[in-house]
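Both of the next two complexes hold chain A, though its partner changes from chain B to chain C.
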Partner chain A sequence: MKQTEICIVGGGPAGLTAALKAAALGAAVTLIDRNDYLGGQLIKQTHRFFGSKQQRASERGINIARELAAAVQNEERITVLTGATVLGYYKDGVITVEQNEQYLKIKPQKIIMATGGAEKSLAFPNNDLPGIYGAGAVQTLVNVYGVKPGNRVLMVGAGNIGVIVSYQLLQAGVEVAAIIEAAPAIGAYWVHASKVVRAGVPIYTGHTIKRAWGEKEVEGATIIRLDGKWQPVPGSEKDLDVDVICLSVGLSPLTELLWQAGCRMRFVPELGGHVPLRNELLETSVPGIYVAGDVSGIEEASAAMMEGALAGLNAAKALGYDAPDFAQQRDNIIKELAELRSGPVGEKIRNGLVKAGLA
Partner chain B sequence: MRVTEHPILNFQKGAKVKFYYNDLELEGYEGETIAAALHANGIRTMRESIHLHRPRGLFCNIGNCSSCLMVVDGKPNVRVCVEKLRAGIRVQTQRGKGELK
Partner chain C sequence: MLAQNGIPTAEDLARVRPTAERLARGPVAVAECFQNIPCDPCYHSCKRQAIKPFADINDRPQVDHDQCNGCGMCLMRCPGLAIFVIDHTYGETEALVKLPYEFLPLPNEGDVVDAVNRAGKVVGEARVEKVQSGAKLDGTSVVWLSVPKDLSMEVRHFKIREVR
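Showing the complex of A and B:
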């Protein structure tokens, strides 16, 4: 049995910043990721981030991933286990892991779960045909491996992911036939949307997909207009000649380990599904288990990095580690997070977080 | 199909290797996933659904959803979206739940 002070599950933006902050305070950290690289989904984000300078605005996700991963590898207090899948959490606080077909047991004093999220699907006839992907899946294929999913794409969902991935498909030389969005307005920031519109991609708001066509693979799609009550308008169908359909209809938190650990969970639609209740330290109802990033509610990578930093600081502090400027460090992150979630764009998240609070 | 030109990215590829998809000999690059190599060869069907035998392909591409399970060198239920391509491997369409021998 391996002992460690803080075990972090997931080496994406939240897990990496959690590891760096906890180690900086002096804690011994074990960071586990099932992939053979660190960075999580940042490794396919070729667009520039938003927000303030502290939030790494105008940097590309791929570069942030590289930088954070290098910092983690260079920190001697952090042990990195890649290609390692956490299999379970046991009630004596032991975490079991598979790495290189070996079974490992780890007994940490504190755990930070930063397992991220998974893309949602959408119900329509033929939604299981090859050629229908999550938008993030296509982003991985194109931006990480340089491989095209097909020739002509229908993007379903005009939130940031749908619009950004559409633009990145164009950059890779893949045609985007249309972006459709069921809501009356797009969810994406206009700076992203205007790029695809300028490139000639139509965005149809108030539209949904009625069905996909094809026997063995996608050969087309029918879209349909929705009225003010989200009901399809008969006769408004339009057939699109596409061989790829990307679903960009949200993500849900990957919470299996939290359920297994017995954390109190609540269904909060604003946060993408079932999420763990947590206090202001990001500690769940199971003492010693903290959460950060999409597993605690779907947001953007910037928020995940700040939550990770916060959880890392808090977990290390709970072990007795401290710094002269601890309070200031923590307050700064809390302030930045509040700024990020301010205004009309953050309203949904703020409403969700109220429901996910642990009294 | 591979991306040939890109304004931001420069794709680093490993050694070119041969592998087999069912009885077809194909080429791909070491270090990319089996799913990426198959897509580069225009192959998007990975398995059959268990009950209705409908074709299934890639969905999440990061190891979450199990849509892309294939038989690799005789071993069933391999998530080809995260399994790396190696020279000479045999990749087969998975039918049914697969059996561990």
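Showing the complex of A and C:
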């Protein structure tokens, strides 16, 4: 059995910043990720981020991932386990891990769950045909492995992921026939939408996919207009000749370990599904288990990095580590996080967070 | 409408457009940012305080076109690729449109390309006058297009013509 002070599950933006902050205060950290690399979804974010200067606005996620991962690797207080899958959480606080076909047991004093989210799917006829992907999966294929998913894509969903992945497909030389969105308005930041539209991709709001067709793989899709009550308008069908359909219909938090640990959970649609209740320290109803990033509610990577930093500071502090400017560090992050969420596009998150508080 | 199809309307654009008199005086930035999102690099990038201070990170850029000299620092920093520099003093009949560009291959200086508007439609032709790229620009090149003056507020993208 390995002992560690803080075990962090997930090496994406939240897990990396949590590890760095906790180690900077002096804590011994074990960071676990099931991928062979650190960085999580950041490693395929080739676009520039929004946010404020302090939150690395205008930098590309891929560069942020490299920088954070290098800082983690260079920090002697952090032990990194990659290619390592956390299998379970046990009542006595033991975490079990599979790595290189070895079964490991780790006993941490504190845990930060930063497991991220998973893509949602959509029900429609033939949605099991080869050639139908989650948009995030296509982004991994294209930006991580350099593999084109096909030649002509229908993107379903005009949120930030759908619109950004469409743009990155164009950059990879893949044609995007259209982006459709069931809602009456584009969910993505409008500047993202404008840049794909001027590059030649139409966005159809109030449209959904009726069916995919094809014998052994996707050969096309039928889309249909929706009325003000989200009902399909008969006769408004349009066929699109595509060989790839990308689903970008939202993410849900990856909360299995939190359920297993007995954390109090609540279904909060604004945050993407079931989320753990947490206090202002980001500690769940199970003392010593903290959460950060998409596992606690689907949001942007900038928010995940700030939550990670907070959880890292708080977990280390709970172990007795401190810094002369601890309060200032924490207050600054809390202030920046509040600013990031303060505008009209943050309203949904704010409404969701109210429901996820631990009284 | 922008929220429905991603294309800013004439009314949206009227709010950010420099006056004809200002355009006639030389290069100027046009910030086509119409949504209050948490983002402020343009404000921090401006060395001339031509972008009004943000009270809130969700503010939209308010460019003081008289303070702006069209240097293009904000254009290079905008993560939304929503800032353009327009120069009506470039020629007798032609204006220069500087736009951010993130596709490969890059065009060559001197190329004649299809000039594309905000809706993705070809509206005429443009000549590539200069291509700025390199490590400092971090993957977002700036392409200088010369276009007929009456298209300077229309052209926001281009397509390299296919060689057959």
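Everything that follows uses one rule, which is that the second predicted complex is superposed on the first by the 359 of 359 C-alpha atoms of A that agree within 3 Å, B and C clash if a C-alpha of one lies under 4 Å from a C-alpha of the other, contacts with A are read in each partner's own complex, and residues count from 1 in each chain.
Everything that follows uses one rule, which is that contacts are C-beta pairs under 8 Å (C-beta built on N, C-alpha and C of every residue); 3 or more make two chains touch, one makes a residue touch a chain.
Note that the structure is predicted; figures quoted are calculated from it, not measured.
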item	value
Touched partner set for A:171, first chain B, second chain C, both or neither	both
Which superposed partner A:34 touches (first chain B, second chain C, both, neither)	first
Touching partner for A:146 - first (chain B), second (chain C), both, neither	first
Which superposed partner A:287 touches (first chain B, second chain C, both, neither)	neither
Contacts of A:129 with chain B and chain C, given as first, second, both or neither	first
Partner chain(s) touched by A:235 [first = chain B, second = chain C, both, neither]	neither
Chain A positions touched by chain B in one structure and by chain C in the second	46, 60, 171
List of chain B residues in touch with chain A within their complex	1-9, 11, 13, 32-33, 35-36, 39-40, 44-46, 49, 54-65, 81-82, 84
Residues on chain A engaged by chain C in the complex (per definition of touch)	46-53, 57-58, 60, 63, 170-171, 184-186, 189-206, 302, 339-346
Footprint of chain A on chain C - complex, ascending	2-8, 32-41, 44, 56-58, 77-82, 102-104, 116-120, 138-140, 156-157, 159
Interfacial residue positions of chain A with respect to chain B in the complex	34-36, 41, 46, 60, 118-119, 121, 128-134, 136-138, 140-151, 171-173, 216-217, 254
